[in-house]
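Take a look at these structures.
Note that chain A is present in both complexes that follow, paired respectively with chain B and with chain C.
Coming up: the complex of A and B.
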C-alpha cells in the first residue's frame, strides 16, 4: 500500500455517489465531490441547493443513505473523534449555548480540543472586541458570529468549515471572516471549505469552486479555470433571427434580431470557427464575473 | 500602496493587481528599489487569496518589472529597462485610445484634440511654475 506516501496529497474530503432524501424530497442526488488539501474551496449554490445538507454529512451529523463520505480518509460518522477534533466549524445559525458567558464558551470549547491555542484565542477575543463576561444571548448578530468564529479557529483546525458565514452580517464582520479565511490558509497546508451565495466574496478568496444545484454538482474547477474558460461572446448574423442558432459549448443565450449573446465554456479559437460555420462573426467578447457564470449554469 | 479590487467587471483579480502595480510604477508612485508589501500582508489588506497575490507578483517578475532579492522581498526593478518603457507606452496608448474614441463620438477632429493636448500641457506647465 502507498498509504504513507499518498496521505500528504490525498484529499481532505472525498464524497462518492452521495444521495440523501428527506421523505420524498431528494436533497442530494448521487453527488460526488473532492476537496483537495490546502487552499480555499468555495461551495456556491442558491437557497435549498443542498449546501447545508452536504456540510452536515462532512461533519458526521448526517449518515450517508447511499454512497460514501470520507474526511481525512476517515468516515466521520464512525470516527467522530478522529475527524471532528481536526475540524473547526461555524454554522449558519451560529448555534452557541445562549446561557453561557463568552469566557465560559471559550473554556468549555477548549476542553474538547487538545490543540487549543490559548494565546491565539485571546488575540482573537481582543481583536473581535468580545467581553468575557457578556452572555451569549445578549450578543449582537455580529458579535455572535465573531464568538462562533473564535471557537472555530482557536484550535487551529486542519479543516475550517464555514456554512454561509456572511449571511445577514454587516461589512465589518464580513471583513473579519474573510481575514480569518486568508490567515487560515496562509499557514501551510490548512484547508477552508465555505459555502456562500455572496459570489463577490467567493471570487476574492476561493482557489477552487463547486456549483451545487438541486443536490448535484454542476461544475467544479479552479477559480482560474472557471474565469478563463467562460466568456461572453456577441455574434452578429447577416439576417435577423427569431431564435439563436446552436453554438458549441454555449450555456445560455440572449438577444434579438441580428445580434445574439452567448455565455460559452469553449476555447476562443474553437468558438470563432464555430461562429463562422453558422454564418456569424464575433463582434464582442468579454470576461464574466463569477455571478454571471453561476447564473448561466443554474438557469 | 493603494490598490482597488472589484469583482464587478469580470477581470481576473490577479490581473487587476498586475495592472494597478504597473500603473503605480509608470506614474511614479512606486519608484525603483521600493519594496512591495509581503504577499500575506497585501492579501489581508485587499481581502483576496494569497495565491492570487503570489501569481500577480510572479507575472510582474517575469515581465522584469519587479525582482526578488536574496533578502526575501519583492522590489521594483530599474526603470530604465526597455520592458518598463514599453509598459509605459502601452498604458498611455490605452488611455489615448479611450480619448480618441470619445473625440470621434463628440465629433471633435484629431487636429483639435492635438491642439487641446498642447493647451493642457501648457496649462499644467504654468501651474507648476507658479508653485
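Coming up: the complex of A and C.
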C-alpha cells in the first residue's frame, strides 16, 4: 500500500515493487514504500518480517532483484558515496571493530563525512560517558550502542537509520537513543527511519508508521491517522448470533451471542451507519494502542 | 536421534564435513604432487634414504589431520548448557577426533602404498596419531583461556614427538629417521592405551572445571604485558585527510602486521634451530634463502586474514560496519591491495636487512660470499620470491574478499576430486601413451585457464567501472614485461621447453589478476 500523502519535497526514500528472495524464501514481496523528508518514520514488524532486509536495500548492501530503491533520488548500489555519506546508521548487531579505541573510532569515522561536527561529537561522547581510550571490546552492550550512535549522529546526517536500536538494552540507553532521535529531528529537515518491535517506543516518537509483515507493507500512515482510524467497537445485536456479521473496515472480531467486538480501520461516522444497517447498536468504542493495532493487522 | 552421543557425533560431523573433505583431499593433492614428481624423476621409494621423507610426511599429516579435527569440532562450551554429563562430552569429542584422524591417516597411507608402493606402516602411525590428538585435545581443554596453553601443548607435543622419533631410529644411533614404525609391540600398545586413558581423565577433569567457569590460575604475565603494551599510538594524531587514508589506516592496523610478523617469527625460529641443532655458519645463508623463498607458504594464512572483511574470523561476509562506509567498493579494494603491498614490502625489507647484517657479520668473520649465497641460486629468484608471494596472497585474499570462501573451497574440492578420479581411472583403463598425452593436455589447459580467467576479470571490472583503462593497460604492460623476462631468463637455460614458458607466462598473469579480481570481489561481497 503506497503512502497516499503527498509531500511538497521529494521523498527521502522511494521503493517501488521491491522483491527479494533468499533461496526459496521470499523476504520482500513486491514492496513499495515512500519515506517523506523530515520527521520520524517507524518501521514495525515481527521477527523475520523483512525489516533488516529492507534497511539493507536502503543502504545498498542488497541489490534489488526486482523493483527499484532510491535514496535521496540516487541508487544506493550505484552511488554508495552519494547516499551513505548522508546517512547515519546504527545496526542491530552494533557491528563495531572490537580492536579500536573509542577515540580511534571517532577519528576513523570522521574521515568519511565532510560534515562531521567535532564539537557535537565531543558533546555526545561526554554525555554518553565514553572514554576515548577505552577499547570497543571492553565496552558494555549499552556503551557499544552509545558509541555506535555517536558515530552515526556526529556528522548530522540527513537520514538517520536505526535498525532495532533498543533491542537488548537497558532503559537508560533506550532513553539516550530516543533523545538522540528527538534531537535529530529537532534539526530542521532531518529524517529518522527506525525499525523496532518495541511498539511503545515507536508510539512515543514516530510521526509516521509502516507495518511490515511477511515482506509486505500492511499499512502505512501518519501516527495520528492510524490512531484516529483504528477503533475497537462493541456492537449489540437484537438476536443472538453464531457468527459475527460483516462490518465495513473490520480487521478482526471476537465475542459471542448478542455482543461482538470489532477492531475496525474506518471513520467512526461510517462505522455507526454500517452498524445501524446490520441492525446493531454501538455500546462501546475505544481507541487502540499501536500494539493492539499491530497485532490486529498481523494476526 | 534418541542417543546423546549419536546426536553429538552427528552434529560434529555435520559441522565439519567440508573441513574433513577439504583437508583430506588437500593432503592427497600435496602428497600426490610430490610423490608423482619423485616417481617421474625415477626415485625408488623403497630406497632407505626415503625413510626420512616418509617419517616426515607421516608426521606432517598427523599434524594436519589433528588440526582439522580440533578445528571442525568447535568449542565444547556450546554443549555446557545441555543435560549431558561432562564425561560424555569428553568421550564423544575424543573418540570422534581419534576416529577421524586415524581414518584419514589410514586411508592416506593405504593410497600411498597402493599407488606409489611406499610400504609405509599402517598401524603404528595410525595409533600414534589417534593417541596424540587425544592428548593434545585434553591439554587444550586443561589450559583453556590460560597463558599456560602454549607451554603445556609444546611439552605434550614435544614428549610425543620424541617418542615418535625414537621409534623411527632418531637418538638411537642416528640424527635422522632410519626406520619407520613398522611393528607395534606390547610396550607401544600399552603406551597408546596409557596416553589415551590419561587424556580421558585429564579431559574429564578439565571439562568439569571449565563448565563451572573456572580456569587455571594465571601468572599475570599476560595481563602485565597487555598493560605495558597498551599504549595509544594515535592519541594525538591529526584527522585523516581522506576516506582512503582512513581506510588504509584501518586495514593496516587490522591486518598489515601479518607478513612482517611472519618474517620476524621465522627469523627467530630459524636462528634458534640453527643455534641449537646446526651451528654451521655456511648454512645460515641457505636458511635465509629458504625463509625468503617459501614466505608465500605462511602467506597463504595471511591471505585469508587480509581477505576477511567479515565481523568474525570465520565469517567472511562483509559486516554492516564496513559495508556502510561511504566509499566505493573499488576504492576499498585498492586500499586492501595497497596495504598488502606495504605489508609485503616491509616483510621483505626486514628479511633483506637481516640477511645483509648477518651476511656482513659472516663476511667479517672470514666466510667467502659463495658460502653465504650458494652459486646455484639464480639472481631472478630474488625477484620471483616477492612476486610469487604477492600473487599467492592477493589471489587467495581476493577469494576471501568475495565473502564466499566456502563456495570456492567446494569448487576446488570438486575439481580435485574429479582430477583424482580421472587419474585413478586413467591408471586402470588408459594406455600409458594416451595417459601421457592427457597429462600434457592438462598441463597446457591450466595456464590457458589462468590467462582466460584473468582477461575475463579485467573485462568484467572495466564494464562495472571498478577499474579504469589506464590501470588495465598498466597491468597488461606489467604482464608482458614479466612474460618477456621469463623468456629472456629461459634463454639462459638450454633445457628450457615451450611448455615451461607457457606455464610461467600463465602464472605471471596471477601477479596482475588481483588488480581486477579484488574490486570485483569486494563489490560482490558488499552488495549481495
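Everything that follows uses one rule, which is that the second predicted complex is superposed on the first by the 291 of 299 C-alpha atoms of A that agree within 3 Å, B and C clash if a C-alpha of one lies under 4 Å from a C-alpha of the other, contacts with A are read in each partner's own complex, and residues count from 1 in each chain.
To be clear about the criterion, contacts are C-beta pairs under 8 Å (C-beta built on N, C-alpha and C of every residue); 3 or more make two chains touch, one makes a residue touch a chain.
All values derive from a computational prediction rather than experimental measurement.
Novice: Putting chain B and chain C onto chain A via the overlay, clash or fit?
Specialist: fit
Novice: What is the contact status of A:85 with respect to chain B (first) and chain C (second): first, second, both, or neither?
Specialist: Once the two structures are laid over each other on A, A:85 reaches chain C alone.
Novice: For A:264, decide between first (touching chain B), second (touching chain C), both and neither.
Specialist: Neither partner.
Novice: In the overlay, answer first, second, both or neither for which of chain B and chain C A:169 touches.
Specialist: neither
Novice: Quick one: is A:111 in contact with chain B, with chain C, with both, or with neither? Answer first, second, both or neither.
Specialist: second
Novice: Based on the superposed arrangement, let me know which partner A:274 touches: chain B (first), chain C (second), both, or neither?
Specialist: Neither partner.
Novice: Consider the C-alpha centres of chain B and chain C from the C-alpha centre of chain A, and write down the angle between them to the nearest 10 degrees.
Specialist: Result: 140 degrees, to the nearest ten.
Novice: I'd like to know which partner A:64 touches here: chain B for first, chain C for second, both or neither.
Specialist: Touch status of A:64: no partner.
Novice: A:178 contacts which: chain B (first), chain C (second), both, neither?
Specialist: After superposing on A, A:178 lies in contact with chain B but is clear of chain C.
Novice: I want to verify one number: the closest Cα approach of chain B to chain C after the superposition, in Å.
Specialist: 27
Novice: Touching chain B in the complex: which residues of chain A?
Specialist: Against chain B, the touching part of chain A is residues 39-40, 175, 178-179, 182-183, 185-186, 199-200, 203-207, 224, 227-228, 286-292.
Novice: Any idea which chain A residues touch chain C in the complex?
Specialist: These residues of chain A touch chain C: 59-63, 77, 80-81, 83-85, 87, 89, 91, 93, 95-97, 99, 101, 103-104, 107-108, 110-113, 133.
Novice: Can you name the residues of chain C that touch chain A in the complex?
Specialist: Touching chain A: residues 232, 234-235, 237, 239-243, 245-246, 249-250, 253-254, 311, 318-321, 323-329, 526-528 of chain C.
Novice: Quick check on the complex: what are the chain B residues that touch chain A?
Specialist: On the chain B side, the touching residues are 5, 7-13, 40, 43-44, 47-51.
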